[in-house]
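Shared between the two complexes below is subunit A, which has subunit B as its partner in the first and subunit C in the second.
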Partner chain A sequence: MESGITANQLERKESGQRTLTRNQRRTLTFYLFVSPWVIGFVLLGIFPLLVGLLTSFTNYDGLNLDTVKFVGLGNYARVFEDPDVSFSLVRTILWGLANLPLWLVLSFLLALILNQDVKGSGFFRTIFYLPSLIPITAAVTAWRIILEKNFGMLNASISRFTPEPVAIGWLSDYSLPGMTSIAIWGGLGYGMVIFLAGLQGIPDELKEAAQIDGANSWQVFRHITLPLMTPVIFFQLVLGLIGSFQQLNLPLLVTKVGIAASSVPPRPIYLYMIHTYQQIFTSGRYGYGTALLWMLFIGILILTWIVFWSEKYWVYSGASEGAN
Partner chain B sequence: MAEKLLKKISRRDVLKLSGTFLGGALLASCAPATEAPAPVAEPTEKPVEPTAAPVTEAPVAEPISGHVVVMHNLAEFTEDHVAAFQEANPGITVEVVDGMDPTRFFAMYAAGSPPDIYRLQAPSIPGLLARKLLLDLTPYFEASQLIDIADLAPANDYYKAESPLEIGTGKIYGMCKDFSPDCTIFANKAHFEKAGLPIPDDTKAMTFTEIVDAAKQLTTFDGERMLQYGYGYETAWIDRFWMNMLAETGASLYAAGYEKINLTESEDAKAIVQWFYDLAAEKVSPSPKNPSPAGWFGTDFVGATASMAQYGFWFSAMAIGDANKDAVMMLPGPTWAGERRDPTVTATGAIMTSATQVPDAAWKVFEYYHAGQPSIERAGSGWGVPALKSQWSMIPQGTDFQKQAYKVLQGELELNTSPLQFNPFIGETVVSNAWNLYLDQALSGTITFDDMLAGIEKDTNTAIKEGIDRIIP
Partner chain C sequence: MDAQYRDLMMKRVNRFFGYSLLILTSLILIAPVFFMVISSLKVDAEYLTYPIRVFPSTPQWRNYQLVFIMTPFAKVALRTAVLALSTATLSALISSMVGFAFARYNDVKGNKQLFGLVIAMLIVPFIVILIPQFILYARLKLTNTYWPWILGALAGSPYNIFMFRQFFLNFPKELEDAAEIDGCNPFQIYWRIFLPNAKPVIATVMIFGFINVWGDYLMPSIYLNASKTLLGVTLATAFKNPQGIDLKTISLAASVIYILPLIIVFFFGQKQILKGVVTSGLKG
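Moving on to the complex of A and B:
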């Protein structure tokens, strides 16, 4: 045995030093690899969340560190008394109802079309994905030129077919459909890519077997493609739902006016996050604003749980089917 | 040893350690700061009379050294300026944090390291003073070789205070980088001619009634499409305009002690708000229902889709574009009650924070920026009136438009009235935010004009109450 020991190891053994065992080295390696993420998560994720929770129990306004007061659940009680909270929540739900189903259906349809084995499909996939790569600020600036009320391209086009020029407020009176258009345009490519990945994971032999059994295209889609795509739809639904409730950038960018940051988005797109933003950054209510954020977090958690609960009724699971 | 340690540390232990670390960090964050950035205010029976900032020690003798953090606009305080200053002052290094972002300022303050010098607008002064965040610079000004107190333009009075509720005289807490009579009007003469209106007399202030009459005739439509706005202004400053207009009548936007805003019970205030509401309702000016096509009314004016723009003298540096070339003139600020007053409502400048650890070094930077080469460059650029009267002769007068604007400016500068007293208990955007929020609803017909007034009043008064509660422990 001694002959198997290297000179270096012998030297260490003689000097009383002990080498790490293979298991210990693996453990050390594990911790070294995970520690950057864990440290980052704790410092940049958990810690700010808890500081935010503490802030929600105070009247902190950004500058009153010396006189900050503990207000207990006062900020949370205020959430239920603030009429703009219920208003903005309804607007957020309407926004979600307008945007999410449309985005899901359109991006799925687009993926189905571009999943066909036709010449040039790669080119079109790239074209449709391009909007997702454009920074939102640039995209909204371009869309403002299109949707602007008095000088916008859309109203100018519509005016060609009307007796008198029209001035439809796509970014004011009809800002909900206006903003939905921008969101769908920008998000379609991303949704398409995810659906496309799901579609390409469906084995061809399943479809071929169905076709041999006499199934037509619709039946193949209805009984093979759609069920096998439900896990992807589920994934998109969960992310889309969370994203709808967290929407802030679009209403802000769509309505940014003036040289000072005091513009308020029009009422149709006065979303929950906009109200929260206004409370924190315009009114300096950091305590109340963080309480609003925690309430939103709880709301999203409940909604997500409901979606997960509903999973067993409509999401195809190969494992459970097999078990059955 | 390492082996022994590793043997003992399980994954569970790591979680425990993380928890301990997190708990410790939380406790540390909740603990009082060892070096309080500003002295804690003493409790007082009179919540509406916050006291002024602590007295500053006299400046120490040279040599001066230190690292000075300046939160400023990098386009104004450039890297070249910084390099030139550092070369002339070898012991001092300067770090410019770009922007004038209150949120970032708050974050730096919360972290215990606010910038030594902070760029701001005058309406912020009472609030920051009430919170004891400003350093009294009077001894520095008195000892300065570069700045003569007698040379300070009247707009600098916004940076003087006896207390947060007595702005205008007393200790000096900062100064303007430059300023403008902010209610002056830029008019497109070609639009007036096309509308068959006489070109306005630039030696006489128009009344607000005359303005709205002209603005209605200048606003043009094609079917439903609006082609040209008659009049526009910066909505973020709407409460400042209201205050200035009310001051002409001797009234105030706020009740004594600044505990409430007066809108529903003041006929003067109602009439002024009604004037602005009518502009929006009649589509004469941008509004939430009829927003500016360019996103900023100044651009609309330069693009000749607006006939009159109420902006300060600073706008003269950019008012002319290809679309309105040779057609722009500057007019005196309008009058509400026939008693014109100083139309300066912004007076952008800088202060030094009371938490600065390097006041002498920071003052050197402050002094250099406000009276050194950067101020000379600004004076000659036309972006505002220099904060030092001795530099007024540097205002550009090369073109006909610049000469005309300079002539009007002289009349505005003669209106040397006391500065407006801004409410120390609320942020700069509270009123304008409430205005935007309720104006949209009123224009939609979901609430009445009186409801709008009540809404603005309620939101503002709530913010004032909270402000008093925060400032006075």
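Moving on to the complex of A and C:
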């Protein structure tokens, strides 16, 4: 990055007039080259965002464009009064709490083990990543075999130890643990790969030096590996948080909402995005739905900001210089 | 001697637990896929039984035939593959060009600010844009067409642009200068020198692009009706008997066919995929 600038400055000193046109030419080329993205960013990014914002102040229902009315902040006021919003928000937070910590710990643990000189680590890595590759539709179909209420593998296995066969609705009444297992199964390999890359970036000399100083393996982990990994954990936490609040596909497919138009999603996984999806696609309340979306956006921004603010208290910052 | 012996034993015990954990985890992670394959060979009556019977009494290979007979599976698969491949190619091409400009024109005013916007777009929740986009496309009467995919690809993707930029940053300046002296214009420098040297990134980006469309459920389900839909939706909706009851083992057979290309791609392109995951934080 640096050398490009200095080479240019040198040239500028050599011949004043010609480089100006060269600079202009470079500017022109640059903007020409990035123009597809810039046009896309404006038309497919900023514009929809603004249209969404505008829609959220109206009573638009998809058909009433001629008679559409501005309702001011009415839709936003409704967000705070809608009992389904507070309910779904609580379910979403529970969903995040069930998911994120477990996923972070498990994928970190796997990465730690694979980072030792394990025989066949390549093989294990492949196996662990495989579920991350399986599209959500196929994953849900496969997991039904295990989680189905009547005689699914899990319930059938539990029933061996109970006097009566059990019928636990892992995809309905107890869908929170059911969906969590699908999500963690699908995300573990991804998390592991990221953590593994982080672990491999820790220089061996650091650990060796600590061992020579008499540190045992727990102390090496606690005082060297863990602090050096906090930037990676931080990064994963931010992305995971954003992802949890956007979760839509999984409950949609598990409960077949939108597949059978009349079906009502079970309350345990009535997540915020499910509520929003229902408002827009089932009830045609575009105005209210986009207001819900913008509240989500603001909420995610605030959460991300909080995590970034907390960064200075627990994320080790010295490592970032080495990583670049 | 004693301490040394204890150390060795500790190491062995650790190693034993480590391996046990790895093998156990592998088994748990593979189990759903294993059950998917095994159950795809059962008749529906055997799908769930108590007590559990893991293996089918006679393998029903016919389930795999029925997948193609009951639904236009081959046609939908071909359509999905063509769309996935063309959007992946388009997006890779455009993103590499944009990434090239961001990496090699960092003396130009506005480069840093624009790239900041690329990064900002990574944080904006996709769902917040997807739904208003749908409202817009519906107004333009472009729902039930593939334009939303193609226009999206034509704009390049922030992830891909980021990957290409990082890659092109490391190229020596001399390479560019020499080409310029040889009379190459900027596009030729990009097309003849930078792009051919970016094969690993192109592979990574294209694999992810393909998987994203092939494995997608949400976008086809909101944009396309049954006559134009993609494989993800077909898989979730099409396998029912006339009474509307799910045909479970046939849809499992369809799932096996559905994931097969991805598994093949993964085994051949594993290195690129895992590298891509690490560089961009992108999930497959």
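Keep this in mind: the second predicted complex is superposed on the first by the 295 of 324 C-alpha atoms of A that agree within 3 Å, B and C clash if a C-alpha of one lies under 4 Å from a C-alpha of the other, contacts with A are read in each partner's own complex, and residues count from 1 in each chain.
Definition applied: contacts are C-beta pairs under 8 Å (C-beta built on N, C-alpha and C of every residue); 3 or more make two chains touch, one makes a residue touch a chain.
The structure displayed is predicted, hence computed values, not measured ones.
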Quick one: on subunit A, after the overlay, do subunit B and subunit C clash, or do they fit? Just give me the call.
clash
So, A:Asp173: does it touch subunit B (first), subunit C (second), both, or neither?
first
After lining up the shared chain so the two structures overlap, which partner does A:Leu226 touch, if you call subunit B first and subunit C second: first, second, both or neither?
neither
Pick one for A:Thr27: touches subunit B only (first), subunit C only (second), both, or neither.
both
In the overlay, answer first, second, both or neither for which of subunit B and subunit C A:Val38 touches.
both
Tell me the contact category for A:Ala209 with respect to subunit B and subunit C: first, second, both or neither.
neither
So, A:Ala77: does it touch subunit B (first), subunit C (second), both, or neither?
neither
Chosen between subunit B and subunit C, the partner touching more subunit A residues is C
Have a look at where A:Asn59 lands relative to subunit B and subunit C in the superposition and call it first, second, both or neither.
first
Just subunit B (first), just subunit C (second), both, or neither: which does A:Asn150 touch?
both
Counting only touches as set out at the top, which of subunit B and subunit C does A:Val90 meet: first, second, both, neither?
neither
Steric overlap of subunit C with subunit B in the superposed model, located at which of 75-83, 93-101, 219-227 or 255-263
219-227
After superposition on chain A, the subunit A residues reached by both subunit B and subunit C are 27, 31, 38, 43, 47, 51, 62, 144, 148, 150-151, 159, 165, 256, 258-259, 281
Subunit A residues within the subunit C interface of the complex
1, 3-5, 7-8, 23, 26-27, 29-31, 33-34, 36-41, 43-45, 47-49, 51-52, 55, 62, 110, 113-114, 116, 118, 124-146, 148, 150-153, 156-157, 159-160, 165, 185, 187-190, 193-194, 197, 235, 239, 242, 245-246, 248-249, 252-253, 256, 258-259, 273, 276, 280-281, 286, 289-290, 293-294, 296-297, 300, 304
Complex contact set, residues of subunit C against subunit A:
18-19, 21-22, 25-26, 28-33, 35-36, 39, 47-52, 94-95, 97-98, 100-102, 104-111, 114, 117-118, 121, 123-129, 131-133, 135-136, 138, 151-152, 154-156, 161, 169, 173, 186, 190, 211, 214-218, 221-222, 232-233, 235-237, 248, 251-252, 255, 258-259, 262-263, 266-267, 270, 273-274, 277-278, 281, 283-284
Report the residues of subunit A in contact with subunit B in the complex, numbered from low to high.
18, 20-21, 24, 27-28, 31, 38, 42-43, 46-47, 50-51, 54, 59, 61-69, 144, 148-151, 155, 159, 162, 164-167, 169, 171-173, 255-264, 266-267, 278, 281-285
Per the touch rule above, subunit B residues touching subunit A in the complex are 2-3, 6-7, 14, 18, 21-22, 25-26, 29-30, 33, 36-38, 40-41, 102-103, 106, 109-110, 128, 131, 133, 222-227, 234-237, 286, 288-293, 295-298, 305, 427-430, 432-433, 436-437, 440-441, 444, 446, 463, 466-467, 469-473
